[in-house]
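So, here's a batch of structures to check.
What follows is chain A paired twice: with chain B in the first complex and chain C in the second.
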Partner chain A sequence: MFTYSLLAGLLFGLYFSLIGLGLNLVFGVMRIVNLAHGDFLMLGAFLAFWLFSLFAINPVPAVVIAFVGFAIAGVPIYYLLVPRLLRAKDPEMLSFILFFGLAQVIEAVTTIAFGTSERSIPGNQLGQAIATVESLFTGHAVEGGPVEIFGQTFPASWVASGIASGCAVLLVYVYLYQTRLGYLTRAVMDNREEAVAAGIDVHRVSAIAFGIGLGLAAVAGVFAPFMLGSITPAMGAEITITAFAVIVIGSLGNPLGTVLGGVIYGVGYMLMQSYFSSWANLLPYVLLIAILLVRPSGLLGRRVRRA
Partner chain B sequence: MPKIARDLLLILLPVIAAFAVLPAIYSNHLLLFNFIIAMTLAQGLNIIYGFTGYLPFGYVGFFGAGAYGFSLAVIHLHAPPLVALAAGAAAAVAFALLLTPLFRLSGAYFSIANLAAALAMLQVVSNPNLESITKGPYGISLNGVFNPTFAYGTALATLAATLGLVIYLRYSHFGMALRAIREDPISAGMAGINVVRERIIAWLLSALVAGLAGGVFAWYVSVFYPETVFSVEFTIFSIVFVLFGGSATVLGPILGVIVLYGIYNAVGISTPQYFQLIYGALIMGLVLFLPNGLISLLQRRGIDVP
Partner chain C sequence: MIRLSILAALLAATATVSAQAADAPAEIKLGTLYASSGRYASISLPVHNGLKLWIDQMNADGGAFLKAFNKKIPLKLIAYDDQSNTATAATLYNQLITQDKVDILISDCGSVLTSVAVPIARDHKMLLFDQTGTGATFFTPDNPYIALMSDPVSTIWPKPLADFLTHDGPGLGIKRVAMLYATNDFTGTQANAVRKFIKESTSGVELVFDEGVPTETSNYTVLLNNIRAANPDAVIHLGYASNDIAFLRNVQDSGIKFKFLFAIYPGLETELLEKNVGDKGLSYVFTYVPSSAISYETNFGMSLKDYSTAWHNKYADSKIEFGFNSVAGYTTGLVLEKTLATAESLDQLELRKAVFALSGNLKTLDGTFELDPNGAQIGEITPLGQFLPGDDDHQKLVTVWPHELANGKPVYPRP
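Here is the complex of A and B:
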């Protein structure tokens, strides 16, 4: 039971890292709080559901569609909302309220369009995708179904989501640390004014980071039906809180910290589920408050935090 | 005439008189009661947000604590309503005291941590393991204390006290100190203001108002679920009312409640998602174009609005 919780926690931890990653990127670059993060994730989940039920598109290609679509949509949203905010006296607090309003709008529009009923995608859809990939590598047909790791069996969809989340984290790492755009992005993260002074087109860099942030939320949303259960328009708020818990445990603005935060959160959650299941829902809130109070800069954070 | 007397006479008195007279003319007393609660909560949030700049996203936690403090005192101790109300207020203030370390956080972190605290409170109260104490997720049903007229009167008294408090804050040294802290805590400290103490007093007063509102709400409705009194909607509504009218004013939140809660009840109650849409869009529009509320339109023209 302990090994099971630990491994399941690791898989979920990778997924939780993915949930937090987009939020952290947006905060790190723009110092604004995207309180609608969970709602963008919810929209991604609905997109995956919609692609699957109308066109029978498997969740794996849906990941690509969701990322590209949301990343492109993010750019005009950025230019519409953020530059005006950054000119205000207290952008962080105002952004908090503004994106809270946006979250309400998204949830309301989705409710009007889809109703409040719960929706889900069969878990074996993702399992089959894994089996196909596996058979490509091994050369012989592999049956889709539960996957065994260290003698513990897990639903294939959990393993697939965990692996995909790991890949997404790696790609973000490559983007930030191996490309020129990432170099500029980190410059803006470090000090916005100096980045402007150095001639960096801050708004362009920020808009792309914002788009990538939304794209990552949508990708996490595609896996939500498998990891978080059935999807509803009202699911966003709770996910935003979870994402916050994850990135605060790690540290704000640090993508590596988000992975650590996600894994700690995932393992903690699974251990709670196994041993004190009725109190497991309390975990994100208590963890969030405790970490904020004990180490406001997060586990990997520097001592100074400008917030 | 000093300004404080003018405001008491021209704002507090008419509002309270209107709510005292209306039940005789208008038969939907529950609606009137909800207006009183909405106005009390909006002014309570105004105390902490308007005067100190801290936006508590978990403000409803104090309302819920008040409602549960009241109900548990009635159920387990068979307390008479007014004693139970004091217990509810005490529960809210105790919860606020427990959360004072959150003031080490600033801005959005404070808001998020406060929201997490309110949700944690909901999880605890509605946990099935605590059914013998809090009735868990099955909700509270009070009998023996039901007295709508008395409860309505108490709610009105709470509103009067809250309005009086906000008027006092507007013109007293204490309120001035709070606004100084909001603008620049370091300079305020240099000027001899005890930043930590003043801020915590405002925080506890704000929680006290919400606790009283929650207690009297529990008393009036008598039957409710944990999700009813810990619904984040109470916070959302209060924030929107305050932002719409204008924070740190007396009239702003009153205006916000009358206009927005009025429209909500006239049109929106049957299709909540349309109202969620309008509220969300309204919040966005206010932040982008009118961050200081309707009142600021007058203030910009040099008209002093209380």
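Here is the complex of A and C:
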């Protein structure tokens, strides 16, 4: 029971790392809290649902479509909202209000479009995708279904989501530490005013980071029907809260600290479900309070807060 | 002299009718809440739409007949959106009573959103027309201001399930039962009832896994693994629709095969569950057989077939599935219609008297309307059914318990 909970927690935690990654990137670069993050994730989930229902597109290609689509959409959204926000006296506080309003609008429009009922994509869709990849490597047909890891069986969708989350973290790392754009992004994260003084086009860098943040949220959304049971237009608020807890645990403003936060949350949640199931949903709030009391900068805060 | 007496009596009667007509309100205000978003939207909106359908029918016919005024009066629905939030719901229930001064107070669906209405209605001495809030704690001897309209009280729901397990179960090889439930009034009460029924039986059936989880739970993979470790012969899952969807999808995705699997909502909201879990996921699942799946003989209101047609005509493109909850909202309307037609006034205790007078006599598409002395619904039972593969690739819900209602035999273990 313990081993299973631990491994399940790692996979589940990786998924929550993916959920928190975009939120933390946006906060790190712009110092604004995107309270509509969960709603962008929900939009990504409905995009995947829509692509599957209407065109029978598997969630795996939907990941690419969602990322590219939302990353591109993020740029004009940035220019529409954020520069005005940053000119205000207290942009962090105002961002709460603005993005809260945006979240309400997104939820209402999605409700009109899709209704309030739960929607989902058949669970075997990701299993089939994994089986196809596996059969390419092994050379013989592989049946889609649960996947065995260290003698424990997990749904294929968990493994697919874990792989996607790992890839997303890796790509964000490469983007931040191996590209010129990432170098500029880290400069903005470190000190926005100095970056401006150094001649960096901070709005361009921030807009791209904002787009990537939304793209990551949408990718997490594609996996939501598999990891969160089903999707509804109202799911965004709860996800934003959990994502916020995850990034505070890791380190607010440090995207890669999100991985640590996600894994701690995932493992903690699964152990709680196993041993104190009635109290499991309290975990993000308990962790949030504990971290804020003991180490307000997050677990990785002191060492790498400034990327 | 006789002529004079008759004339006097006629004049008096005319004066009374005129006075009644003069006192009659221009409209009867029905106050209710619904959830257009949030966790309970998918069960609240069908209930609300069912109630609205009844109101529209009444108003198209000139309104509801009120015995108190001896005439038909149009119905005005005042409905607010609580967004599935109990704090918002509490504020809005108060607003309906104190600001809108509604004549009739109707709760939102489900036990969670009804729980806050119960003390508010009681404090304001308003009879709460409780649509589907079935938590047993709502109904107490010291509270005359509540009556459950459409669902049986939660302690009644699992009786056929528990009876099946303790009577037929041992013969089939069911000895070890696992129960996982969401910790809210609706399913928590049912879990208590199952526990009690099994404990009181001498069948040798025992609970080997008995855990509660928050209603917000959306992932059951680890819990399923823990249940499997307990090696049960039967698994009972008690949760709301979103819980059942996540649970049944996780069962499928995990590749775990339980010999007996029970969940509440496959029977209650079959269309919704079919869309999310798929036919394969529902195959051989045990569930309640609700009023939306049985054609009860009615003595008032539309039959199930007619109502289903009316619903689909009215809400063809509303993206809200027809099911048990849509029947519940309409049933509330039918009880209200009868109540208003027989109550001597709109006084809340007079309304209560009229509602209780219907007990045992009113038969709607939801079954027999019958209340216990505390206002809990005990007439509309929930037989145990099982989804079996039908001829047309779709699952067919077959009633397996009680024997007198059964139209098929249970398949155990699940293939």
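We take it that the second predicted complex is superposed on the first by the 302 of 307 C-alpha atoms of A that agree within 3 Å, B and C clash if a C-alpha of one lies under 4 Å from a C-alpha of the other, contacts with A are read in each partner's own complex, and residues count from 1 in each chain.
As a working rule, a residue touches a chain if its C-beta (ideal position, glycine included) is under 8 Å from a C-beta of that chain, and two chains touch if they have at least 3 such contacts.
Here the structure is a predicted model, which is why all the values come from computation and not from measurement.
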Chain B and chain C placed together on chain A: clash or fit? clash
(Q) Looking at A:Asp201 after the superposition, I want to know if it touches chain B, chain C, both of them or none. Which is it: first, second, both, neither? (A) neither
Contact-wise, after the overlay, does A:Gly229 reach chain B, chain C, both or neither (first, second, both, neither)?
second
### Message
Touch test for A:Met93: chain B only (first), chain C only (second), both, or neither?
### Response
first
Original post:
Between chain B (first) and chain C (second), which, if any, makes contact with A:Thr111: first, second, both or neither?
Top reply: both
Q.
According to the stated criteria, A:Ala103 is in contact with first (chain B), second (chain C), both, or neither; which is it?
A. first
Exercise. Check whether A:Trp158 is in contact with chain B, with chain C, with both or with neither, and answer first, second, both or neither.
Key: second
**Item:** Partner chain in contact with A:Ile241 - chain B first, chain C second, else both or neither
**Value:** first
Report task. Go through the superposed model and pick first if A:Asp190 touches only chain B, second if only chain C, both, or neither. Result -> neither
Clash check vs chain B: of 26-34, 62-70, 98-106 or 260-268 in chain C, the offending stretch is 98-106
So the chain A residues that chain B and chain C both touch are 107, 111, 278-279, 281
Per the touch rule above, chain B residues touching chain A in the complex are 53, 55, 101-102, 104-109, 111-113, 115-117, 119-120, 123-124, 127-129, 232, 236, 239, 243, 273-277, 279-284, 287-288, 291
Within their complex, chain C touches chain A through residues 36-39, 41-42, 45, 83-84, 183, 211-214, 216-223, 225-226, 229, 241-243, 245-247, 249-250, 252-255, 272, 275-276, 278, 318-321
Counting only contacts in the complex, chain A reaches chain B at residues 33, 81, 84-85, 88, 90, 92-98, 100-109, 111-112, 237, 241, 244-245, 248, 278-279, 281-282, 284-286, 288-289, 292-293, 296, 307
Listed in rising order, the residues of chain A that touch chain C in the complex are 1, 4-5, 8, 12, 107, 111, 114-120, 122-124, 127, 145-146, 152-158, 226-230, 232-234, 238, 270, 273-274, 277-281
